[in-house]
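Below: a set of structures, written as structure tokens.
Next come two complexes built around subunit A: one with subunit B, the other with subunit C.
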Partner chain A sequence: MLRYSLRRIVLLIVTLWLLSLLIFSLNYWYPGNAVTNMTGISASNPLAYQEVYVARGFEDGIVTQYGEFIRHLLQGDWGLSLVTQQPVFAEIKPLLGATIELGLLAMFLAMVLGIPLGVYAAVQQRGPMDRIVMGVSLSAYSIPVFWLAQLFILLFAVKLGWSPISGQINPLYAIETQTGSILIDIWLSDSQFKTAAFYDALNHLWVPVIVLAMMPLTMLIRIMRNAVLDVLQQNYIKAARARGLSDSTIMFRHTLPNAMQPVVRQLGLQFSVLMTNIVITEVIFNWPGLGSWLVKSIYERDFPVIQAGLLILASLILLVNLFVDLLHAWRYPQVRKEIDAE
Partner chain B sequence: MFKQLMVASGTLLLAACGPVQTDSEVYQDGLVYCSEGNPEIFNPQLVTSGTTVDATSAQLYDRLLDYDAKQQQFVPALARGWQSFDDGRRYRFNLRKDVNFHHTDWFTPTRTFNADDVLFSFQRWLNEQHPYYPVNGGRYPFFRSSGLIRLIEHVEKIDDYTVDFHLAQSDSSFLANVATDFAVILSEEYGQQLIAAGNPEQIDRLPVGTGPFAFELFRKDFVIRYSAHKDYWREQPEIKTLVYVITPNANKRMLKLLTGECDVIPYPLVNELSQLDQDAQIEVGSSVSPNVSFWAFNTKQPPFDNVIVRRALAHAINRPAIIQTIYSGNARLATGMLPETSWAYSPVQQTYPYDPAKARELLAEAGFPNGFSMDIWAMPVQRAYNPNAQRMAELIQSDLAQVGVQANIVSYEWNTFRQRLVEGEHDSVLIGWVADNADPDNFFRPTLSCAAARSGNNRAQWCNPEFDRLLIEAIAESDLDQRKHLYQAIEDFVMQQAPLVPIANSLRFQAHRDDVEGVELPPYGGINFRYARRIKDAPL
Partner chain C sequence: MSNILDIRNLTIELETSAGVVKVLDKLSLQLAEGEIHTLVGESGSGKSLLAKAIMGFINPRWKITADRLWWRHYDLLALNPVQRRLVTGRDMAMIFQNPGSYLDPNTKVGEQLRETIPQSELKGIYLRRKATRTVRAERLLHRVGIKDTAKVMNSYPQQLSEGIAQKVSIAMAIAHNPKLLIADEPTTAMEPNTRNQIYRLLAKLSASQGMSILMITQDLTAIIPETQRMSLVYCGQLMETGPTEKLMSEPFHPYTDAMLKMSFFNQDVAPKTRLPTLTGAIPTLQHMPIGCRLGPRCPNARRACIHQPRLSKVKQHQFACHFPLIEIVHHD
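So, the complex of A and B:
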């Protein structure tokens, strides 16, 4: 396990290093001045410009500049936004909170619905319910997120009026942004309308969460179904049957724990898909998260923000994948053996 | 985190069992305005963008005087009254006492408004040596383009509540410029505190003013929150919380109005307005915005240097049809350069009627019995005064074909377009003008004077000394009736010379829920929420 973990961590560090190299190079590839792209301070402010010019190692060669880039990155000095002239790093926390809240809820919903439905479909294999579940999940999987989001807005918000169109909460509730996660912020706030605000926030949340959960949900159903079917073929299940164990014991004691293995392995991948979709979802639902922040910064050519957005989203995906891999290897020793045997 | 959420929801469910708080209060006392974009900064002195003006001027700040568009006159605001001396070269303002500045988390005022604040607010952009002059960009586009920066020689404090403005020459547009949304009054005391704290940039980002609403917070791309100014010197605003939700997408803005997430929206889509009107819960308000769209001829280029050709072309186009097609009727046919909102406006037609036969006759008289070929430049962007210049150019193209003139439509990317216009490369162009203040001078000097021809803003490249003389005469006159006559003479002169054909004065729209009233959309300047209120009995 230790050897495996070390290998994964070294791999992560190498990937992060390559990522930092890419982002560092972007400063030179973007149009304009590299110092400005890096720090958000333009040459029209000569005093501050001279200061960062020296601090970022622009009097020396490219290697020093990279060293300074990493040092500033680690210190949390990520430059100023070209548009707002506010420090980029300070903006990240609430955005990250909002993105993680949406992502986690969607992932949670996908697992809570996807796993039982997958098992159900497997048990009903080739039966009518199996076909219905699989058919619906395939159709849902084929609808692009941006389209699904618009459809849901039209249906639930405009036609039925069950939910608002966009945003985190009705802005008239003066909820102070602390963590960025709206439910936690309401909990922490001292608003006198906490309960009402909480329901209002939930009302804003459910449509984007369902939209976002759709893709991983349909994937999970399919993976789970296949995994259960695979396990049901195994000899130890036949043996269990021969021992006269009840169907439910076979399912919950023997099939499910083993069938979860490929599902856990897939979770990291599903998270990457989720992160891609979250960018689109956030833009459509005007969700104050990293994704919409990144997209807007691209429209505004706000290079320090683009870098920060890329770095955070990429690191988040890498870290979650590492975590899932480690969890997978720790939980299922046979995987470690496979890897060690390579 | 999920555990935390469970705990959170658990606590909330428990809380719900206690005395139930109604949330209707929140809705009743608040108003959501879905604005079309982020303000660049919270001080209109520094910009000319309408979005920023809408977000700041009337809400956060007050001016020395206001312009009452209904009565078409200036009314006292922070100045109780004013007089002019020395043949209009000195204006004295008597200031109001007991005007409070906003009391916020970042500033506690120790004194009320006085002459120092007026000096501070004007010196900031008048005096290049002023410590705040270079802060946050240090460009003051409105004051520069309106000439106010050169007109005001200096501002003098007579006593704590009296201020004198010394002007370089008599200029009757002075009061109009001081009443614009740009000439706001800042707090001198706040300015001094920020200098002492070494943080002067904050003055335009965490603003302090005397206006009906105080700034609370701004999250770029999402929300601006204002709360009612408790010690406002005029009548308290009725709404307690004013929220701007930034919604750049026009479709989404309209849908959010339909679902009730927005109470008021600007710039609803014109072609869907009729649909909006049918919905009983939505009301559409409009005002004639002080703008004019026109078709300007490059009078330096033959054959447009010939006034007969220009008149012929003016007769050749069917403007009522254009209004119907391009603006779906949401515009008025221009009767001259001045729109209806101007006090110098007169309903007399000072344009050429549609008359193709007459146009042919005039063309023949000018020596073009078989017509000629020309270019029409059409803006690549939408503007309030012209939502679709390309389509308008096509309509004009077919009208011109009727009289034998063959027109080609030309367009470039917007920045290039304007640069080339300044160079005078065009034959004719479809463009327009939006006035910044209520003074009629603002419709002529920046668009048709010789100075404007030199700077390139004169799209007709037209420089007529007689016209400039009329302008100077009108600006030097201080009697309103006299001035009105002079501007009518100017309109006649423009019509006679026809350097351009005024086409339309478009309306500016705003739509709101029917339980909201009192949202003001003055023809000059930004939206005003001071009188906005929710009708109490309305169902939520």
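So, the complex of A and C:
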């Protein structure tokens, strides 16, 4: 297990290194000046430009430039945004908070609904409820996120008026941004309208969360159903019945833990899908997260920001996948056996 | 000794595209209390199906009929599923081939053992019950001859050898003190040393607790030495049943005779001669011969064999054959 973890971590480092190489090369492939693309400081400001020109190693060869690039990256000096002329690294933190909040809530909702529904469909196999659950989940799976989001806005915000059309919170509450996660920020703030702000934030939150949760939810239902059906046919379940264990004991102590195994493995993959969808959702709901920031920067040709957004999103996906794989191997001895046998 | 398990003319039918197939055809079996009974049959003979029918694991689409399927004073076919599971869960237990696959791969062995211990035998509050469970689980492992209990309880099933895993299954099976243990080829694919250990353990448990054992095996070489009675099944029909020594020394049925000859008990086969076998192969389910299903392969088959023979009885020895190998002297 330790060897496996080390191997995975080394693999992660290698992947991150390749990622850094790609992002470094992008600076030269983008239109314009590589120094400007990297730092966000244009030649129209000769003093500052000359300074970063030297600091980024442009007087020497490409190897020195890459070394300086990595050094600045690790120091948190990710350049300035071409548009706002603000340090990119400082901008990222609240954006990341907002994105993670949205993603976590969606993932949580998908798991809370998806796992029981999948189990239910499996237990009712071939019954009417199974067909309904599977039919609805397949239909929902087939709807693209950008369209679903607009349908929901039309229905819940425009027609029914249950929720605002977009945004994170009503700006009148003047919640100071600290972590970026709106619920945590409200909790940390000293506003006298905390409760009202909290409800307002929830009101803004639920539509994008449902939209975002739809894809992983429908996937989870189907994976969970198949996993439970598979486990129910295993010999050890039959043997547990033969031993006279009660149905609930068999379900909660043997069927579910074993059925979760393929689900846990899928969670990592689902996270990548979620990250793709979160970009779309944030743009549509005007959510101040990494995704909408990245898309906006692409429109504005804000190269330092594009780099930072790519780096953060890609690293996040890599990290989560590593974490899920380690969790998977740690929790399930069978997986460890396979790893050892490799 | 009274029979605790009484099966008369058990028939299991399966509807296939080729029509209704009788997987078990009028099978009868009696098991006395504390007896070790060995059921011998080749693959496809329906011996495992019989075990499942007793335990009540048959797919509901299969049709089960029987003149009697009695367990002690319960008519198993008349019970509803809940009652039946209560009775079988309390009185019966089963161990299997490939014991590893019958243990939950993601739960430690100790945990699985602990949960098998019946709730009714525990007293006190939660923590006390938990402690009792552990003690009882260790005692069970001791009883099946596992000394290093802590190590075994802390292992996952895949970390155990098949022999140990089978012992753990037996420990789980006897946690309820069942009256009947069905062992479905428990030692197939095990080396002789482990096999003998398991056999000795089963015989000991049967003797010390009065537990009946229905042992299911493929061939006559793999039987418990202590077995008191044996039954031979071929393609879902009972061929012969009787006390072990009688059946081995004076078989009435040509099938028993053939099985004995095939089993290398007699080593006096001349070199470079054909080994004794039955001609032909086991028929498939869709193409079962009518009458005695051994018919096409039987060396003694005659015209009468297209009718299924009734069970004839000579003392404790029963067989289903029109033309037994030994003349029966009728005392009427």
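Note that the second predicted complex is superposed on the first by the 342 of 342 C-alpha atoms of A that agree within 3 Å, B and C clash if a C-alpha of one lies under 4 Å from a C-alpha of the other, contacts with A are read in each partner's own complex, and residues count from 1 in each chain.
In the analysis below, contacts are C-beta pairs under 8 Å (C-beta built on N, C-alpha and C of every residue); 3 or more make two chains touch, one makes a residue touch a chain.
Remember, predicted model here, so these are calculated numbers, not experimental data.
Applying the stated clash criterion after superposition on subunit A shows that subunit B and subunit C can sit side by side.
Looking at the shared chain after the overlay, A:V158 reaches subunit B, while subunit C stays out of its contact range. Of the two partner chains placed around the shared chain by superposition, neither subunit B nor subunit C is touched by A:H328.
Chain centres taken from Cα atoms put the angle at subunit A, between subunit B and subunit C, at 160 degrees to the nearest 10. Contact comparison for subunit A: of subunit B and subunit C, B touches the greater number of residues. Once the two complexes are laid over each other on the shared chain, residue contacts for A:R56 go to neither subunit B nor subunit C. Think of it this way: put the two complexes on top of each other by chain A, and the tightest Cα contact between subunit B and subunit C is 28 Å. Subunit C contributes residues 55, 57, 85-86, 88-90, 92-94, 96, 98, 101-107, 115-116, 156, 158-159, 169, 172-173, 175-176 to its touches with subunit A in the complex.
Listed in rising order, the residues of subunit B touching subunit A in the complex are 1-2, 4-5, 8-9, 11-12, 15-16, 20-23, 25-27, 30, 32, 201, 216, 219-223, 225, 241, 243, 245, 247, 252, 255-256, 258-259, 261. Those residues of subunit A that touch subunit C in the shared complex are 234-236, 238-245, 249, 253-254, 257-258, 261, 331-334, 337. Taken together, the subunit A residues at the contact with subunit B in this complex read 83-85, 100-101, 104, 108, 153, 157-158, 161, 164-167, 170-174, 177, 181, 183-184, 186-187, 192-198, 200, 286, 288, 292-293, 296.
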